[in-house]
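Two complexes are shown next, each including chain A; its partner changes from chain B in the first to chain C in the second.
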Partner chain A sequence: MKVIKIDKKEWTGGIDKSREKYLLFGPVKDKDVTNKEHYIFKKLAAGEFPVMEGVDTVLSPKSVIFPQTEKILKSSLDQSQPDHHIMKRVENDYSSRAVIGIRSFDAKALTLVNLNFDTKDYQDPYWCDAYKATTFVGLAVNKPSDVDFSTSMGSGPFGEEGLDVLLVDNGEEFLAKVITDKGKTFLDAAGFNKTADESAVKKIEDLKAQAEKTIADKAKVGTDNLKNKTVLDLYEAPFWDDIAFSCINCGTCTFVCPTCWCFDIQDETKGKSCTRFKNWDSCMFPLFTLHGSGHNPRGVKTQRVRQRFMHKLKYFLDKYDKGTMCVGCGRCVQSCPVNIDIREVCNIMNNYEPKK
Partner chain B sequence: MDSLTQKIREIASNILKEGRVDMVIGFAKGTIPMTTKPYMARTPEQVENFIWDKNCTLNLANYITGRKEKIGIIAKGCDSRNIVNHIVENKISRDQLYIIGVPCSGMADKHNPDELRDNCATCTHRNPVIFDVMAAEPVEEQKIDDPFADVKAVEAMDKDAKWSYFEGLLQNCIRCYACRNACPLCYCPTCFVDESGPQWVGKGQNKTDIQTFHFLRAFHCAGRCTDCGACEAACPMDIHVRAFTRKLNKDSLELFGWEAGLDITKRPPLDTFNPDDPNDFIK
Partner chain C sequence: MVNPYMPYPVRIDEIEIATEDKSLKTFKFVFLNKEDEEKFAHKAGQFAELSIPGQGEIPIGIASSPTEKGFVKFTVFKTGVVTSYLHNMKVGDIMGIRGPLGNWYPWDLLEGKNVVIIGGGFAFTTLRASIVYMLDPANRSKFGKIDVVYGARSPGMLLYRDELYEWEKRDDINMHITVDSTTDPSWKYNVGFVPTIVGQKAPKADPNTFAIVCGPPIMIKFTQPALESLGYGQNQIIMSLENRMKCGIGMCGRCNIGKELVCKDGPVFTLEELNKTPREY
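What follows is the complex of A and B.
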């Protein structure tokens, strides 16, 4: 596999050059009116550069492909128009874009979401068009955070799944591992084309081993038994009430999650025009499953908490046989107001033996 | 081990053993630094999970709403005031509760652990106002010269500056509703933003809809908010939502001489009529 060497002095020049052909997205520092600072993924304005110091973002970059609120269809309500009340697709910009500095687990997460939105029978056009238009330029995680357990969940600090390029920070330079042709095209557009020498591959492997060890030295999350458990044994297990006790049923875990894909459709009218929106939804909200009849099959919070973990760690695994629908980014662990820790829940599920 | 933690466990264990309560609600240690989690002990063995430290930032009154059991609850000053609210608003009866009061010297700021969080720095009710037993001697209450200096600064802004400040405060809201759901006051069976037949508020990231949620929620807490800070402790985006509730707390104090949750015999000012009301419009 080819490795390109990018001198950090040439980084901003190359990024600027790439803007000629790509819309860029990346993590930037955001400061609110009370001077609180966060890093967020957003579209980079001219002259704005992604922060490449391996920062944690509260929200995952999924919104680049799957915005929290997205206009999808529109129609006219003006009955004098021949096409009134006919929904038509909103014209969004799907020109080439690149996400710079996305982490490996987040890129893998998007491949999992893709399984849901791009199937043999159905293709969500909004997701598919955006996903296909995007080049993912990842940044390997040299120093994993305390809540990163990605190696347990089929990803890792240097994982390549879902990425087109993997950048590895090596002091004065980035070593760019070219993973796909799409990635090569981006690097060419940025003018990054100096092939690294033989030692680069070894250097990347060393940094990878070091980062993976940092994660492995912490508590391990077991997933090996999940597949062989029966759905009903886990569903009826006695531990759900205890896990759910502290839950306040907010949507934090699902909104910060890079793999949560559920959405709600809303129509809004203004004057003579109607717009249809696709909004993130959350299985933590009672309204998520409220039927028109008033009946709610998940009316109690334990049922909703169970649904979230069963979907992530069991139903998805059974349906696709592609591991869990958790990539171990640790965002929900970090942000949950009541410290419900998916690492603990996963271990409880994985180790559960029903009483016969 | 911390003596307060020790004492809490001892009291909790005793009331469970004596059968005075079915459960005790307190805090357990979190799995990451500077966190705790609300925890319910049903057996004397489980009380060993209780801890007390500078990170017990949520409000446990949120966990007793509408419960039918006999409940032991660990309450710092603000939790106790919300318990009073709950009793006044008929969300729980006094007889159901065994309140283990914990004098509080303030909780740590989640980003600057050496400092007190904002609401604790101006708190004047650190000792529980209602309890069955105290886990320690009361602490000295703080004397704050100007507890609402922050609100006054906003009041002093001109109209445009004020509005852009409000917009700025809410620009990062993701509508996860953690603020609402962590709040003991927010117990409506269906929140107005969740009304679906018909729907009252748009559901997307439209800023007017986001502002509608926050402003209305704040007004709904007028005269009831204890400034416990659970909303901000819960917010994943670090939004200063108390900017809104604090203005209403200041108004409650100035207009009605009222601080929420101090007396189980008194109803909140917006919930009652008083012939001596200081405002002319109501007479």
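What follows is the complex of A and C.
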């Protein structure tokens, strides 16, 4: 595999050059509603550069492909128009874009979400167009955070799945592992073309081993038994009330999660025109499943908490046979206001033996 | 790429009040573009999203049979934002339909078999489509005996009453119409809840007989033991489910029962399949 060497002094120049052909997205500093500083992924304005110091973002970069709110259809409600009440697709910009500094687990997460939106029977054109237009330039995680358990979830600090390029921070330079042709095209557009010498591969392997060890030294999360358990054994297990006890159904876990894809469809009207939207939704909310009759199949908190963990750790695994629908980013662990920890829940599920 | 969120434009061609309390209306839609009607080709048991620009969408079972050409028909209960708006719409109004969605009753499997249709209340729409489909002269010989148990609260709450009474007169379909109660002295049919009438009138099970059940949760709950005591196996009981839906194409995530999505893997499941799921419906 080819490795390109990028001197950090040439970084901003190259990024600027790539803007001629790409819209850029990346992590930048922002302030939340309480004026606290944090990092988010967003479209980079001219002169704005992605933060490449390996910062944690509260929200995952899934919104680059799957916006929290997205216009999908529109129509006129004006009876005098010939095409009134006939929906048309809202034209969005799907020109080439690159996400710079995305982490391996977040890129892997997008490959899992892709399984939901790009299927044999139906393709969500908004997701598919955006996903295909995007080049993912990852940044390897040299110093994994305390909540990072990505190695247990089929990803890892240097994982390559879903990435086109993997950048590795090596002091004065980035070592760029070229994973796909798409990645090469981006590096060419940025003018990054100095092939690194043989030692680069070894260097990357060393940094990778070091980062993986940092995660391995912490508690291990087991997933190996999940597959062999039956859905009903896990569903009917006695531990769900305990797990859900402190949950306040705020939905934070689902919004920060890089693999949560559930959405709502809503119409809005303004004057004589209307727009149909796709908005992020959450299985933590009772309204998510409320029937018109008032009946609710997941009307009780425990049922909703169970749905979230069962979906991620069992239903998805059974349906696709591509591992869990969790990449171990640790965001929900970090953001949960009542300290519900998916690592613990996963171990409980993995170790559960039903009474015969 | 086909946009699965894009509805076909349709015109409301006919509106009929379906029940005496006016809570249900039957809408007949005609496609604005003839070619859309061909693209919409459906099988009895499927549903579609009725799509009203500016209001939203609702998943509704298709009440017309694939053998009825030139229109599609839906019977809609007035209950939320979209259905209330729809009930106030007029003939000639333009809206959209997205579909057909979901799977259908297993017509290949049912060929050559006896079919028992069991329905309650306003969950009779896709069952009506199925009956019309089976009774079509081109199809009737493909099926064995057809029994129908259909009940509602009162005679005026039965859907498609004219058709029911016509079917009563035929000798190639055994109708068992019932109402929970009635004060009408001229009522000639059954009185009693659907599960009770199933126990009394439905044919006993044999390997060539399949039951299709569609109704409110409470009816399904009590019909299941009635069928089991008649000897029906879990793979001979075919049910159609409902859950809250938005996309109808298996993506938005809310209608799942375990790993199965009611909108895409269903709405039709055998009891055998359902028993392997958490049954969150």
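List of remarks:
The rule is simple: the second predicted complex is superposed on the first by the 352 of 356 C-alpha atoms of A that agree within 3 Å, B and C clash if a C-alpha of one lies under 4 Å from a C-alpha of the other, contacts with A are read in each partner's own complex, and residues count from 1 in each chain.
By our rule, contacts are C-beta pairs under 8 Å (C-beta built on N, C-alpha and C of every residue); 3 or more make two chains touch, one makes a residue touch a chain.
None of the values given here were measured: they were computed from a predicted structure.
When both complexes are superposed on chain A, chain B and chain C end up sitting side by side without clashing. Contact with chain C, but none with chain B, is seen for A:His311 once the two complexes are overlaid on the shared chain.
In the superposed model, A:Leu290 lies in contact with both chain B and chain C.
In the superposed model, C is the one of chain B and chain C that contacts more residues of chain A. Judged by the touch definition given at the top, the superposed model places A:Gln266 against both chain B and chain C.
Of the two partner chains placed by the overlay, only chain C lies in contact with A:Leu232; chain B stays clear of it. By the touch criterion stated above, A:Asp188 is placed in contact with neither chain B nor chain C. Judged by the touch definition given at the top, the superposed model places A:Asp7 against neither chain B nor chain C. Once chain A of one complex is fitted onto chain A of the other, the partner contacts of A:Lys319 are limited to chain C, with no touch recorded for chain B. Once chain A of one complex is fitted onto chain A of the other, the partner contacts of A:Asp78 are absent, as it touches neither chain B nor chain C. Shared-chain residue A:Asn116: touches chain C; no touch with chain B.
Taken over all C-alpha pairs, chain B and chain C come no nearer than 5 Å in the superposed arrangement.
In the superposition on chain A, the residues of chain A contacted by chain B and by chain C overlap at 264, 266, 268, 290. Contacts from chain C toward chain A in the complex involve residues 1-7, 9, 32, 51-57, 77, 79-80, 83, 93-96, 216-217, 242-244, 246-247, 249-259, 264, 276-278, 280-281. On chain A, the positions that touch chain C within their shared complex are 72-73, 75, 77, 84-87, 89, 116-117, 119, 121-125, 128-129, 231-232, 235, 261-269, 274, 276, 281, 283, 288-293, 295, 297-298, 303, 307, 310-311, 314-316, 318-319. Interface residues of chain A, counted against chain B in their complex, comprise 30, 32-34, 36, 38, 40, 58-59, 68-69, 146-147, 245-246, 248-252, 255-256, 264, 266, 268, 277, 279, 282, 285-287, 290, 333-335, 337-341, 343-344.
Here chain B touches chain A in the complex through residues 30-33, 35-40, 58, 62-63, 111, 165, 168-169, 171-172, 174-178, 180-182, 194, 196, 202-206, 233-240, going by the rule given at the top.
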